[in-house]
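Each structure below appears as C-alpha cells.
Two complexes come next, and they have one chain in common, chain A, joined by chain B in the first and chain C in the second.
Then we have the complex of A and B:
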C-alpha cells in the first residue's frame, strides 16, 4: 500500500474487488481440502491394514498419498490464497487487478491444472519428486499460470508509489519466488541434473515451496487482516520489515536441512543448519510483533473467532519452528530421520499454520461476501475446536511416534518391532484426522446454509465478525 | 463500524538526527560486513581452488553461486528500496493502511446499508 499515491476520491470496494471470484476460489479450495483429507484418511487406514480400496490400482495408497499432498498444496492452499489475494491486493493498492478477464481465465485454468494433476497421478504418470508429482506435460501449463497470476497482481502493486506496507513486500516476493521455485523443482531435476544433485534440488524445492510460496503469502495476509480485526496497527512496521528481509536473505539455503547425513557435501548441510538458525531469529521477530500487537486486546482471542484462528496458527507456527530448530541439528536428525516425526511436522505447518489462517480468513470473509451473518456461530465454534484439537492430537501423536521409531531403528531391532509399536499411534492419528475432517464438513455445511439464508434474505442484516 | 482512525501527523525527524543515525548505521554495517566478507571470501576462494579440475566441483560450488546470485538480487532490491525512501518514516504505512481499510469499509457500508 502506498502512503503517497492515494487518490483524492477513494475508489469503492465493489469496483475494486471481484467478490464472485473470491467466493469461487474459496469454494474450490474447500472442495480440494475435503478430497485431500479423504486421501489422507484412506492412507491412514492403509497403515492400520484396513484399506477399503484394496486391489484397485488407480486408487492404490501410494497414489492417494500423492493426491493428499498435491490437493493440499495446489488445490486448497493455492486456491484459497488466490481468493484472499483478490480481496486484499486491490484494497491495499486501491487499484483493480491488471485484468478481470485474466482473473477469470486464471481461475478456470488453475482448476484444469489441479484436476489434470489428480488424473495424471491416478493414472500413474507422477513425476518422481515429492510435491512436484505433477505429470511433466502439466508443468509448462502450471508455470504459465503462475506467470499470469504474477502479472495480474504485480501490475497494481508496482503502480503504487511511496513506502509499501509490509504485506505488499511479502506478496511481491511470493509471486517471484513461487514462479522460480516451481521452475527449479519441476524442470531442473527432470531435464538437467540427476542423482545426488537432483536430490539437493528436490530438497530445496520442497522447503522453498513452504518458505517462499506459502510463508510469504500467509504472513502477508496476517499483516493485513490482524490489524483490521483488532482495529489497531501492527506493533512495529520496522520489525515486520526485518522479518521480510531476513526471510529473503536467509531462507533460500535452509532446504538442504532435510538432507542431513545424505551424500550431499557436508559444507552444504552445515550451511543449511546455520541458515536455519538464522531463520529462527527472523521467526522470533515476527512472533514478537504479532503478540506485541495483541497486548491490550487479549480478550479478542476469546471473542473474535477469526482472530482465534489466526493466533492459534501463530502458536502452531512457533511450535513448528521450534521443531525445525531441533530437527536441523545433526544429533537430533540422526534420531528422527525418515520417521513419523517428519509427517507430524508437515501436518503441523500445513494444517496447523496455513490452513488455520486461511480458514480464519474464510470465517471472516464469507459473511461479507454473502452479505449475511453466519447461519450458525455454534457450528463455527465446532469447526474451530475440532480442527485445533484434532491437529494438536495428531501432531503430538506423530511426533512421539517418530521419537519411538527412531530409537527402535537405532537399537537395530527387527523392523516388525517398529511397525507393531507404531500401530497405537497410527490408530490415534485416524481419530484425530476424523475430528479434523468432520470439522471441515461442518464448515462446508455452515457455508451452504449461510448462502441459502443470504439468498432468502430480503433485507441486509448486520454482519458481526 | 468504529470511526475511521485519524491519521497521525508525524513530524519529520530533525536533519541532524537523521545524519547521526545514517553514520551510526553505516558504521555498524561496516564493522559487521568487512570481517564477514573477508572471512567468507577467503574460504570461498580456498574452496574453489580445492575443487578446481574435479568433476564434482561444479555441483559443489553451484548451490553457493545460486545463493549468492539470489542474494545479490535481493540486495539490489534492498538498495533500490532505500533510494526510493521506503524505509523513511518507517511506521507510517501501518497507520495509513488501517485508515484506508476503515474508510473503504465505511464507504461500502454507508452505500449498502450494511454495517461492516
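Then we have the complex of A and C:
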C-alpha cells in the first residue's frame, strides 16, 4: 500500500474524518453513560431499601435495571465505538467512509433506536432476552442500522490493497459478527425456538455481544492507538495473529457457559467450559503482546494519561479473565451462579476494560477535536482515579458478596439471611458507584469548559479571516 | 489467508460464526425436535385452573372487569375458562418480562448446591417446551428465590398483598412494590395483576409433587422441650 501511496499526494485529515460527527457520537455516548449510571444507582438504592422513587410505574427499578444494561451496550459503547471508528477507519485506510450522508443518517437512526429502546422498556415493553431487551418492534430498525454501519465502514476497508493491519482484521470481523449476532439473538429465540434451545441461543447472544461486538472493536482500537501513542510498532506480529484467530475460533463457542447446570445437554456445557478456558489462554497472549510493546517505555504509563487508561484497562482485562477462568468451571458455578459475583464480573469487563479504553480514547481525542488543550489536566486525573478506584472497589466487593451469597443459599438458611447479609456489600457498592459517577460528571464538565475555551479562541481567528 | 480480507471476512466472520451456531444452537434444537412446543392453551392444567377460578371467587368485580363472565352451557363454560386462563398466562408472562422480575428471580432448579432440597425437583427440558418460554425465562440473577416451583406454595391473596407492597408480608424485603397492578388497594387487582398471579401460580403446576412446599415446621417434640424449659 505504501509503495503505491507515496507518489500520490496523501489525502488530508480534514477530507477523511468528519470531526463534527465524532464529537456528536462521543457526546451522545456520555449522555447515555450518565443515564445508565442513574438507572444502576436506582436499582442499587432499591436493594438497600432507600429507593426514594418507589411506587412510580415508569421508574420501577426492575425496568431501570434493563435500561442500565441496554444503555451501556447500545447507548454508550455503540456510540463511543462509532465515534472512534469514524476517526480510525478513514485514517487507517486513507479513504473516506462510503457516504457522509449515510454517516449522518446512521447517527440519527441509531439515536432513535436507543431512545425508543429506553422508552419502550420504561413502558414495560421489554423483550425477554437478556441484554437484548430492546422491544421487538425496534429490532428490525436496529438490524438495519447495523447493516448500514457495516456497509459504510467495510467499503473503505475493502478498497485497500494488500494485507490488512491488525486493527482492520478485528473491525472487519466485528461488523459481520455484530450484524449476525443481533439477528440470531433477537429473532431466533423469539420466533423460532422455545425452551432449552432458546436458552442456548440466548447464551450465545449475550456472550457474542461481548465477544464479537465489544471485544474485537475494543482490541482493534488498542492496536491502533497504543503504537501511535508509544511511537513504536506492536511487539510481536505472530502474537497478534494468534490473538485474533484464537478469538475468532474459540469465542463464539463459549456462550452456553452462561447456563451451566440447566437442562441444556451436558456435553454442550462441557464444550463451552473448555472453549472458555481456551479463550483465556488466547487473551493472555494478547495481553503479553501489549505489555511487550510497553517494555522500555514504561514511563508512559505514569506520564501519558491515555496510555494509563489503556493499560489500566488491560490489567483489569487480565483480572477479568482470571476470574472468568475460575468461574466458568462447574465447581465454581455450583457456588457462585446467580450471585453478585456475576454482577461484579460484568462491571469489571464493561466498565473496567472497555469503558476505560473508550475514556482513554476520548481523553486523547477531545483536545484534537476541539483544537484546544484540556481545560484542566487535574480534572482529567480526577476522572481517571475516581473511575479506576471506584471500579476496583465495586468489583472486589461484589465478587466477595457473591461467594457469601453462594454459601448462604447452599447451606439452606432462610432466604432473608442472604438478602440481609448482602446489605453491607450493597452499601459499599453504592459508594463505589457514586465515585465512578462523579468521575464521569467531572469529565463532562471538563469537556464543556474545554469547548468554551476553544470557541473563545476560535472567534477572533474567524473574525480576522 | 490469515491477513487477507477474504480470509478474515469469510473464515473468521462467517464460517466460525456459523460453526458455533450449528454446534451450540442447532444441535440442541435437533436433539429436542421430538418435544413439540405446546401452546399456552395446552399448558393450562387443573391446578392452574383451580387458582384462576379462585381469583374469580376472591375478586369477583375486578375479575369480571378484566375477563368478563363465563357463557351459559357446560361445554362453553369449560372452554371459556380454559381460554381465559391461557390469555391470563400470556399477559402475565408479558408483565413478568416487562417488569424485569426475571432479573431478580430465576426459573430453574440446578442439581447442585442443595437447590432440590430448597425448592423441589431439578428442572427438566420438557418443562420448557412451550410458548410461554419463548424466549426462555431461565434468569441469571437471584436476589429473590427461584420461582419455577412457586405455584400453589402461596395463596392468591398472599401474592396480591405481596405484589402491592412486599414489606407487609416480608419484613425488610428488597423487592419493589407494584401498585400499578392494582386499583388502589390489594383487594382490587387489575387485569395485569390478576394475570401475573395466574402466571406465578402456573409455575410448577404441571408437576406430580405440586404444590411443592418447604418444610419449615419445627418438630413438635422440640417445641415441647422449649416450653418446658421456660
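The definition used in the following text is that the second predicted complex is superposed on the first by the 450 of 465 C-alpha atoms of A that agree within 3 Å, B and C clash if a C-alpha of one lies under 4 Å from a C-alpha of the other, contacts with A are read in each partner's own complex, and residues count from 1 in each chain.
Methods note: a contact is a pair of C-beta atoms (placed from the backbone, for glycine too) under 8 Å apart; a residue touches a chain by one contact, two chains touch by 3 or more.
Just so it is clear, the model here is predicted, and its values are computed rather than measured.
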Using the overlay on chain A, decide if chain B and chain C clash or can fit next to each other. clash
With the two structures laid over each other on chain A, which partner does A:210 touch: chain B (first), chain C (second), both, or neither? neither
Tell me which partner A:410 touches in the superposition: chain B (first), chain C (second), both or neither. second
May I ask you to decide whether A:12 touches chain B, chain C, both, or neither, giving the answer as first, second, both or neither? first
Contacts of A:334 with chain B and chain C, given as first, second, both or neither: second
Could you tell me if A:236 is touching chain B, chain C, both of them or neither one (first, second, both, neither)? first
For A:190, is the partner it touches chain B (first), chain C (second), both, or none of the two (neither)? second
Determine, under the contact definition given at the top, whether A:163 touches first (chain B), second (chain C), both, or neither. both
Any idea whether chain B or chain C touches more of chain A? C
Between chain B and chain C, whom does A:28 touch in the aligned arrangement: first, second, both, or neither? neither
Which superposed partner A:200 touches (first chain B, second chain C, both, neither): both
Considering only the contact definition stated at the top, list the common interface residues of chain A for chain B and chain C. 163-164, 193, 196-197, 200, 204, 241, 245, 248-249, 252-253, 256, 265, 268, 271
Using the touch definition up top, name the residues of chain C that touch chain A in the complex. 2-5, 8-9, 11-14, 16-17, 19-21, 23-25, 27-29, 31-32, 35, 37, 93, 95, 97-104, 106, 108, 110-115, 117-118, 123-125, 127-131, 133-145, 170-174, 176-180
Complex contact set, residues of chain A against chain C: 46-49, 51, 54-55, 57, 60-63, 65-66, 121, 124-130, 157-158, 163-164, 168-169, 172-173, 175-177, 180-181, 184, 188-191, 193-204, 212, 241, 244-245, 248-249, 252-253, 255-256, 258-259, 261-265, 268, 271-272, 333-335, 337-339, 342-343, 406, 409-412, 415-416, 419-420
Can you list the chain A residues touching chain B in their complex? 1, 3, 6, 10, 12-14, 16, 91-92, 94, 162-167, 193, 196-197, 200, 204, 224, 227-228, 231-234, 236-238, 241, 245, 248-249, 252-253, 256, 265, 267-268, 271, 368, 371, 460-463
Partner chain A, residues of chain B touching it in the complex: 2, 5, 47, 59-60, 63-64, 66-67, 70-71, 74, 78, 85-98, 100-101, 103-105, 107-108, 111-116
